[in-house]
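Have a look at the structure below before the remarks.
First chain written, first letter: the chains are A, B, C and D, and each begins at residue 1.
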Amino acid sequence: MKTGRLEAFSDGVLAIVITIMVLEMKVPEGSSFEALKPIIPKFLSYLLSFIYLGIFWNNHHHLFQAIEKINGKVLWANLALLFSLSLTPFTTAWMGENNFEKYPVMLYGANLLLSAIIFAVLENTAVKHEGKNSVLGQALKNTAKEKLTIIVYLVALIATYFLPLLGIIGYTIVAIIWLIPDSRIEKQLK
Amino acid sequence: MKTGRLEAFSDGVLAIVITIMVLEMKVPEGSSFEALKPIIPKFLSYLLSFIYLGIFWNNHHHLFQAIEKINGKVLWANLALLFSLSLTPFTTAWMGENNFEKYPVMLYGANLLLSAIIFAVLENTAVKHEGKNSVLGQALKNTAKEKLTIIVYLVALIATYFLPLLGIIGYTIVAIIWLIPDSRIEKQLK
Amino acid sequence: MKTGRLEAFSDGVLAIVITIMVLEMKVPEGSSFEALKPIIPKFLSYLLSFIYLGIFWNNHHHLFQAIEKINGKVLWANLALLFSLSLTPFTTAWMGENNFEKYPVMLYGANLLLSAIIFAVLENTAVKHEGKNSVLGQALKNTAKEKLTIIVYLVALIATYFLPLLGIIGYTIVAIIWLIPDSRIEKQLK
Amino acid sequence: MKTGRLEAFSDGVLAIVITIMVLEMKVPEGSSFEALKPIIPKFLSYLLSFIYLGIFWNNHHHLFQAIEKINGKVLWANLALLFSLSLTPFTTAWMGENNFEKYPVMLYGANLLLSAIIFAVLENTAVKHEGKNSVLGQALKNTAKEKLTIIVYLVALIATYFLPLLGIIGYTIVAIIWLIPDSRIEKQLK
């Protein structure tokens, strides 16, 4: 099984997920700039989620550049990732509507954590299928970045219970770690 | 007529269908975890439909790997399949909003059954166009899996009238049958 | 300028237009089959529009198989077609919500007519760019089908004013004319 | 990193952004043509935004025809462009619902201005990556068109404060400037 349609389908789902979030920013009544004020937290959570989904798309893109063939397990790990990411518009909207309160920020973090874990599982499944000596296997020998991500998310999740701002800071740290496209795969491809 | 754009268009429709279902999970009022409770049946029906649509996409992907050229009949059978699948967000939402009650579970099953029948028709139409000795014709000589699917759906549909849980169990059995990507076409392609 | 991305973009827009119409079928309150009754006219107009958009996608697909290069005029004619088709979810929903009353059926027909005219303009623009002796120019030497379509839509539009059913019959006649994929281009490609 | 999936993902996002705007045209109550009257300003702002997004898609298409490889910076500049464009359905709806009043027209213009600035940044980032002597570098040696665009938007934005009509005229002038696909890249590709 080749990867072409799986990539096209994933691109489609991610493009929709990243875009329909804007539908949650309901048009306010009134035509003054004041009327836009309640939209601000929704706008900020949209921006945050856009960046995370951009990172996931980016990582997905890199990962599948090194994958040549897929099997049923890779396919379902990929669908699980898409499912977890498709929940983002919901968790984003709940966080935005409740102005970054404790529980919504925790659910948002749990969603990010779930997506990060499934992405690590997807990488692992792909490495097993391609073999440890494949380009992918060599590129992903070191998974410290994935482990660090999951740990930071876990810590941020717990910290949110005490102070939501700590959660947002934790999530932002992970975003910064991943903002620069992953060079492991590019190096190996060369 | 080649299959490229038909696959791209189908991927687009399926990606949208699988994603807009999340829009039915309306953001609840209140920021406590309690507020999420009424969302749970909607979440479960979304998860179920995501898996079914994943299976259909997977089967579609496999089927079109073995199809080389299409005619008007294949094209319209494919559009009929997309139409039936595009009703899934509606039947899913009705089932989720009514907490898996009898009639919504029956309509949901009828939608799955309709999609399964149209998929069998699509396979048949494609085999007729490609010829019985083609790769596709050889791969789909045995359609026991399709027939079993339709029978289980029918039984589950009737059982739902007496106990909705039986319907859900029936639908789940079909999902398990198809969860492993269909090997008939892959074997034949080799 | 090549046609690859224009086709991909058009596929994306058409896939979304054909799918978001289902969002207009709001989930009814109540879990009995009775509760579904008010949905029936919306379902029928969705089905009708799905078929029309399927036909337009199909014709678009055929047209661009014979187009090798595009210029700015072809590009804008194509965008105008996408705009007109993107209004279909609106006109479909208005017709469905008003149970096929006079004015909504007229607006729906006007939308179909507009799309048919722009499609004829797109064909004409493409023929001018490719040249009369090109594959496309030869295939579209006879545009009787396009002219007939526009005339039937016009007659149906006027007839709707007196009896909406006549409009629906007229639109259905055009659908039947186009249901079989256009063979002019396929013949010429051979 | 090749550009294939970045183009496909951008096409997906732009196709969704350009299409979901139609969802803001809520179906009116009543079945007379009178009932459509309040929709007219929403329809006009939809038409305007469709043209702008068509122009952006067109420019994006041209730009990436001359780009052969991308790096992380190009990728994030592109995501920033998609983010800015994804806000268009919101700003369009606010302008349409408030019948082209002062502040909504200003926000709409600010959104266009932001998108134009990010597009210029994207061009610049791509030129830096490809090199000044590359096809792209030569094609974009003269960026007078980009500078003029930004100046006209700025002037129109300020003028809107005094008379919203002036803003709409300014935005329309920019649309006319860009309506003809950019020939700089095409010339250079030859």
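One rule holds in what follows: contacts are C-beta pairs under 8 Å (C-beta built on N, C-alpha and C of every residue); 3 or more make two chains touch, one makes a residue touch a chain.
Please read these numbers as outputs of a predicted model, since none were measured by experiment.
Colleague: When subunit A is left out of the picture, which chains can still reach each other by chains of touches?
Modeller: one piece
Colleague: Fit subunit B to subunit C on CA atoms, both being copies of the same sequence, and give the resulting rotation angle in degrees, nearest 5.
Modeller: To map subunit B onto subunit C, rotate by about 90 degrees.
Colleague: Which chain is most remote from subunit D in terms of Cα centres?
Modeller: Between subunit D and the rest, the longest centre separation is with B.
Colleague: Please decide if copies subunit A and subunit D contact each other with the same set of residue positions, more than half shared, or with different positions, and reply same or different.
Modeller: Because under half of the interface numbers appear in both copies, subunit D and subunit A meet with different residues.
Colleague: Can you work out the whole-Å distance between the CA centroids of subunit A and subunit D?
Modeller: Subunit A and subunit D have C-alpha centres separated by 26 Å.
Colleague: Which whole number of Å gives the spacing of the CA centres of subunit B and subunit D?
Modeller: Each chain reduced to its C-alpha mean, subunit B and subunit D end up 37 Å apart.
Colleague: Where in subunit C do residues touch at least two different other chains?
Modeller: If we look for residues of subunit C contacting two or more partner chains, we find 8, 12, 15-16, 20, 23.
Colleague: Can you tell me which positions in subunit A touch subunit B when the two form their complex?
Modeller: Contact set of subunit A toward subunit B: 1, 5-6, 8-9, 12-13, 15-17, 20, 23-24, 71-72, 75-76, 79, 82-83, 86-87, 89-90, 93-94, 97-98, 101-104, 107.
Colleague: Would you tell me which residues of subunit B are touching subunit A in their complex?
Modeller: Counting only subunit B, the residues touching subunit A are 7-8, 11-12, 14-16, 18-20, 22-23, 25, 27-28, 31-33, 36, 47, 50, 54, 57-58, 61-62, 65, 179-181, 186.
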